[in-house]
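The structures come next, written out as structure tokens.
Next come two complexes, and both contain chain A; in the first it sits with chain B, in the second with chain C.
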Partner chain A sequence: MTTAQELRDKKQLYFDDVSVGQQMPPLVIGPLTPTHLFRWSAAIENWHRIHYDQSFAIYHEGLPNILGQGSWKQSILPRYLKDMCLPDGWPWKVSFQHRAMIVPGDTITVWASVTKKYEEEGLGFIDLDVGMRLQYDTETCPGKATIVLPIRGGTAIPYPFVPPKKLVSQ
Partner chain B sequence: MGRWIAVGKAPGWDDLKRFSTEMKDTSQWRIDPKSTVTSVYALGDGRMIAEYHGPAVTEFEDWLKKKGWSVENVTPIKHIAKTGEIWKVV
Partner chain C sequence: MSQAPATGESALTPEVKAVIGVKAEKIEASFQWGIEREGLRIFTQAIMDPDPRYWDDAFAKTTKFGDIITPPIYCTYIGRRQRPGTEDPVTLAFQQNPNSDGIGGVKGAEGRGGLPPVPTHLKRILNAGNEIELRQYPKLGDRIFSQAKYADIKERVGKDGSRMLIVTMETIYTNQNDEVLCILRASGIRR
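Let's turn to the complex of A and B:
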């Protein structure tokens, strides 16, 4: 797990340093425990029993165990992209599908690979394939993302980020 | 998905260290994304009980064979009582 101090000390990733086909450093989380899941349920007040009541999940819902929340997965990919962009970049957009269940015991590898890089209005845009793989290589959340990275000697990325009009219509 | 329970004997599994080696790691009980050995009980008389959740009993039988169990029988679960909660499984 990355600490807050490590994020504060993180070196900026620049547009210049990224190339198409590059695999970004993965984030590995797990093995997940019921405590991870319960903590998330409590934090967002999601009290559906499939997330904390093992007997209900297994014997009533026919599931293999209590389930990791979709909203938890939705928080992990943006967090991964945000950490990748810190301190001066911006995770502009991400979309993905939920394709497989996550249960306690699973270990998740969050990954990204660069599919395209381009400049627009002096900013560096990086398109990525992203996902979250389980320990047996099952892809649970395939998707796509775009991050914005500073170009060395170039324009600072505005905060809050406003995407160039030309890209918004795409 | 179905649920089956197996009764049998697993040599050496009455030793907690061996039992842990056989069952603790996720890969030992989460066979694949659809197949899970949800519970294993080591009984005082040397017998073992294992509960399986998955698409086909054949996968469970393969797991038992791979683990070296001497299986008395494998049968579907009908219903379960857990501390006052009753679950109809099939």
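Let's turn to the complex of A and C:
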């Protein structure tokens, strides 16, 4: 897990230093416990019992255990990309699908690999395959992301971020 | 398995096409006191993100953002919280059904700003994936507004020839200055 001090001291990753095929440093979370799941349910006021009531999940719903929340997964991916871009890059967008269930005991490796890099309006864009892999290599949240990294000697990434018109789909 | 020919009438009827672009009411997702520090602490600790940009004022002032920031996706959850002064939805749900799953009947705030149903006979809904686009980090004190719309509806034919709809809902989250913070696009399969 990343520490507060590591995020405070984070050195900038530059567009120039990234290459297609590169595996980005992973973020490992876990093993998850029922308490982690309960904490998330409480934080967002999601009272669905399949996430914290083991008897209900198993005996009423026929599930193998209480389940990790899709909403938690979709909050972890932007967090991972944010960390990757700090301090001056921008985690522009991420898309993903929910696949395999997460249950207590699982350890999750959040990962990304570079599929494309390109410049647009003087900004450096990096396309990534991303996901959250379980300890037995099953992918639970495959997706794609695009981040913007500073180019050495280039223009600063605007904040608030305004995507180049050419890259906006609608 | 080879592709079977499409069966039956198109599911993309004129009535379905008519809801593309329909917008829901724009609502204030946050409470009237806006984003506050304690809610931010609880949220960021639940995603196990110790980033000092979320809690260390002195450090936050040295960053390009100039102040304490909030994960943009936080916007998408604050509107689901129970609003002060409303009847306790959890108690109500279990009064109505002692075996409640905890979510059926727990209305909370989710009825606000909702879209009208898609007029289709296809009732089964499956998650087809989400996209989150980030423009700006919300700040402490920001008031968050959201507006949903049906961004797109397409027809697809399954391998068995059955027709289905891919419904994409887009929700734009803005602050009190009407600046876009993040855009959530959620796609669902109707079959």
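The definition used in the following text is that the second predicted complex is superposed on the first by the 169 of 170 C-alpha atoms of A that agree within 3 Å, B and C clash if a C-alpha of one lies under 4 Å from a C-alpha of the other, contacts with A are read in each partner's own complex, and residues count from 1 in each chain.
By our rule, contacts are C-beta pairs under 8 Å (C-beta built on N, C-alpha and C of every residue); 3 or more make two chains touch, one makes a residue touch a chain.
On a predicted model such as this, the values are computed, not experimentally measured, just so you know.
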Query raised in the report: On chain A, do chain B and chain C fit together or clash when superposed?
Result: fit
Query raised in the report: Counting only touches as set out at the top, which of chain B and chain C does A:Asp88 meet: first, second, both, neither?
Result: second
Query raised in the report: First (chain B), second (chain C), both or neither: which does A:Ala43 touch?
Result: second
Requested in this report: Mind working out whether A:Ser113 is in touch with chain B, chain C, both or neither, as first, second, both or neither?
Outcome: neither
Query raised in the report: Taking the superposition as given, does A:Tyr159 touch the first partner, chain B, the second, chain C, both, or neither?
Result: second
Report summary line: Rounded to the nearest 10, the angle in degrees at the CA centre of chain A toward chain B and chain C equals 90
Query raised in the report: Which partner, chain B or chain C, is in contact with more residues of chain A?
Result: C
Report task. Go through the superposed model and pick first if A:Gln12 touches only chain B, second if only chain C, both, or neither. Result -> neither
Query raised in the report: Regarding the shared-chain residue A:His60, is it in contact with chain B (first), chain C (second), both, or neither?
Result: both
Query raised in the report: What is the contact status of A:Thr33 with respect to chain B (first) and chain C (second): first, second, both, or neither?
Result: neither
Report task. With both complexes overlaid on chain A, what's the closest CA-to-CA approach of chain B to chain C, in Å? Result -> 10
Requested in this report: Check chain A for residues that touch chain B in one structure and chain C in the other, and list them.
Outcome: 60
Query raised in the report: Which of the residues in chain C end up touching chain A in this complex?
Result: 42-43, 45-53, 56, 59, 63-65, 71-73, 77, 80-82, 90, 93, 99-103, 106, 108, 127-136, 151, 179-180, 185
Report task. Note which residues of chain A are touching chain B in the complex, please. Result -> 31, 55, 58-60, 62-65, 100-101, 103, 105-107, 134-136, 138
Query - Touch list for chain B against partner chain A, complex - result: 1, 26-27, 29-30, 32-36, 38, 53-54, 80, 82, 85, 87, 89
Report summary line: Residue positions on chain A within touch of chain C in the complex are 1-4, 7-8, 29, 39-40, 42-50, 53, 56, 60-61, 70-72, 74-76, 78-79, 82-83, 87-88, 90-98, 143, 159-162, 170
